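I've put the structures underneath this note.
Two complexes are shown next, each including chain A; its partner changes from chain B in the first to chain C in the second.
Let's look at the complex of A and B:
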């Protein structure tokens, strides 16, 4: 019931849009750091530059886009209405952006005070989001695998943020805790329990919706988020009780589950019934292929110690999962969500008296395709740079370019929306 | 009882199939077939909307007393979908494939999220509240859906 009415109560466009527009800025900053530092950044996953870039992308880009999208999507898919979506978006956006900059600066300049401040600001932002979202979400009955997945993703978000805060404080204060295994665990919570579950829950809805594919099988999609969460909990127990064997098993299980999900989604997408392969479809194929490749490497490394000890492996996995996997999947969705929301809000503004421009007038296929090509090129060079660090600066430049284009595309869509709504208001006033 | 939900959901899938036929024809740049398929899809959609607006929704509103609630939102979305279908068909008539794809993109998302709300929320509510009337109501709905 709530969900039905929520169509009217969709949050104002500026609530999610601010997150979407600032996400590329953080990716842009990450690219600039790579250009500035050059090959030395890629010496290991622990260099100050690599840590800063990782968090600019995961917090500044990914988390930003994910939470912004949730504010929009929760009323539609779960019937969860937030009391003050615009007010929540405002403070969350400022806090997340500030936290991402502080934390990344803390890593980059090896500053304990910046690390602590950044960690705490981000911890408080995530906690604030959870305090607002979890009570209404938990009151919603789990009538679909998506709602159930969203609930589980919230525990994943709590886990990754809590571990992140502990790690930031530990590094800053020199606490003696097992940094290596806790960092790996932090990544598992982030990629599997938060990102993976959220992605699956959203894919159940958007893959059939955008591409007219058959749906995911009901029973599998019901159990999948729980299996991911169980894998991450198992990995956590192995760290807590210091039983690395179980940790390896859990990592293997998570990689396998991820591969299975991506492969199945690709299979569904091949059965799509739309007239053409659009940018979103291509971005998803890229994202799914890279994730499968990353998880295949990770799975192989679990059983083949020589690969696990390969120094470049973590960087390779990071580039594949983030720049090759999550970012393309997210941008692919943004390229549908932003034009659709623009159309929807304009349509509501016109109130049946004035027509609203369809999605392709807000953001054209050519603009999106060009940006995707530039992202794919940057990805190839980034992967190359992990193996041949001399390519680092070129890769960084190409990545900056791809994100400038993304920022340009999204800003232009937002500008066209504003122009059009101004025009329509004037026309309505004259009616 | 899930009789209403099953019947109406099945008809959504039927409309999706007809839309997919039009998309396939557009993919092959066969404008004659595309136009014919799209018209067929539009007829089925309009019959579906009519069955809802003239039979299902009024029965639901009379029984529950909720006339400004979910059914009103659904009517509004029907109106938006009607406009998008007209625009898409117009683009096909004028052989403007790129424009068609843009309208179709908007139409697909609008239609799918609309169907989702009906299938997951409104139809189950109908099944719950209208269990007494179901056999006659189903017969009427079926006749109206079969017009297309």
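Let's look at the complex of A and C:
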């Protein structure tokens, strides 16, 4: 019986853990840059510091956590088994981390060679990941909305990375291309076609599973990823054929779709069967509320040009979507995935002869909740700093603190797992 | 897939992991020849599918409108 719980072929714990442990380090670096640069970083979305911080968070934190988690969960949520997951995770982790540092340094120090190297390293990393994942994923029949969503998310990942490489090369070499509209398009591919679709595909599984809510209706969840992808393709066509009206329509459609998904997920959360609200639940509420707010602002700006001209709007949207939206949603998932994986591997190690410790012994609710409080405080100050740049250094310090605590929590969970494995091996040897 | 044809039903839609897996394996241990088991979940249990195949069980999956996956299992 216990042996059957082995979820055989699941990658070893260290495969995803290396991504999860290094993600907060990049967020910490982003916070330090904000402390170092202070108010000048927030003068616009185009300052070297703002560009560096954005990519430390989106590539160093988000992409790192997303790809690491995918290596782990593909066998469980899609029945897709990767050959040699540990070897893949080793090179991908090094390449992604190196690429994130190079690209961000390229932006920060305005160095063409660093930008080019970083862009190419990241492009090759993503391509390598797709080469490994896409063949087995495409051979898997789309029996669930999650599998269908994962397939579409892969095209989103390709789109955001390809545009990113082109933009990095264009900025470094001074190519004459429409930088503004291509940057907006790069963000649309990243947030909607990659992040949004991946999030929806995972939410279909993890929201009912971790928060004990009802499921997402079959028909809606089946079509949702396709609608997001269609919106991004429409936005791309409008840039290609230079028809801004269609681009506006596509942006409006994407904002509306995002709001609808977040609002529906909140509606499911209200119907949950778990009486007590835990940290994952609260982190998801924060992430969903901030995303709704960001997309509502974006939707309003699409049809009300006066708001779109407001200089602080892109920064406000960035902070709300990344620090308020994606990061809380990702950390909320990590706080369930890491203790569960630790428990699962310990359970397998025990082989039915020794019980694994309860999940809350690996990572306690109080520790997670405290960290979430510090993240929420940092978010409030970051939003404040967009409007009152004098707050930038305090906001940066608070963000560093929140990510130190996250790193501490995840490292402690990893340490407890190692200690417990060692103890169990000793006990098993004496049996 | 109606309940009358499948007297053994595990509604695991509001259970935390690994309870759905554990309860299904327990129920399968006591399943008599010719009997069916209907498992209801809001996700596809791929790790369970693998174990079912290894143990010689057969299954059919249907996704119903409210997002429930109904997995009918027999030997």
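Some points to look at:
What we mean here is this: the second predicted complex is superposed on the first by the 425 of 431 C-alpha atoms of A that agree within 3 Å, B and C clash if a C-alpha of one lies under 4 Å from a C-alpha of the other, contacts with A are read in each partner's own complex, and residues count from 1 in each chain.
In this section, a contact is a pair of C-beta atoms (placed from the backbone, for glycine too) under 8 Å apart; a residue touches a chain by one contact, two chains touch by 3 or more.
All figures in this text were calculated on a predicted structure; none of them were measured in a lab.
Partners chain B and chain C, once the complexes are superposed on chain A, run into each other and clash. In the superposed model, A:106 lies in contact with neither chain B nor chain C.
Once the two complexes are overlaid on the shared chain, A:143 sits against chain B and chain C alike.
In the superposition on chain A, contact is made by A:205 with both chain B and chain C.
By the document's definition of touching, of the two partners only chain C reaches A:221; chain B does not. Of the two partner chains placed by the overlay, only chain B lies in contact with A:358; chain C stays clear of it.
Using the contact criterion defined above for the overlaid structures, shared-chain residue A:156 touches neither chain B nor chain C, since it reaches no partner.
Applying the stated contact rule after C-alpha superposition, one finds that A:278 touches chain B and leaves chain C untouched.
Applying the stated contact rule after C-alpha superposition, one finds that A:325 touches neither chain B nor chain C. Residues common to the contacts of chain A with chain B and with chain C across the two structures: 1, 4-5, 7-8, 76-77, 79, 143-144, 205, 208-210, 212, 273, 340, 344. Taken together, the chain B residues at the contact with chain A in this complex read 16, 19-20, 23-24, 26-27, 69-70, 73-74, 76-77, 79-80, 83-84, 87, 98-99, 101-106, 108-110, 112-113, 116-117, 120-122, 125.
Of all residues in chain A, those touching chain B in their complex are 1, 3-5, 7-8, 76-77, 79, 143-144, 205, 208-210, 212, 273-276, 278, 336, 339-340, 343-344, 347, 352, 355, 358-361, 365. Those residues of chain C that touch chain A in the shared complex are 13-14, 16-18, 21-22, 25-26, 42-44, 46-47, 49-51, 61, 63-69. Against chain C, in their complex, chain A makes its touches with residues 1, 4-5, 7-10, 75-79, 143-144, 146, 204-205, 208-210, 212, 214-219, 221, 273, 340, 344.
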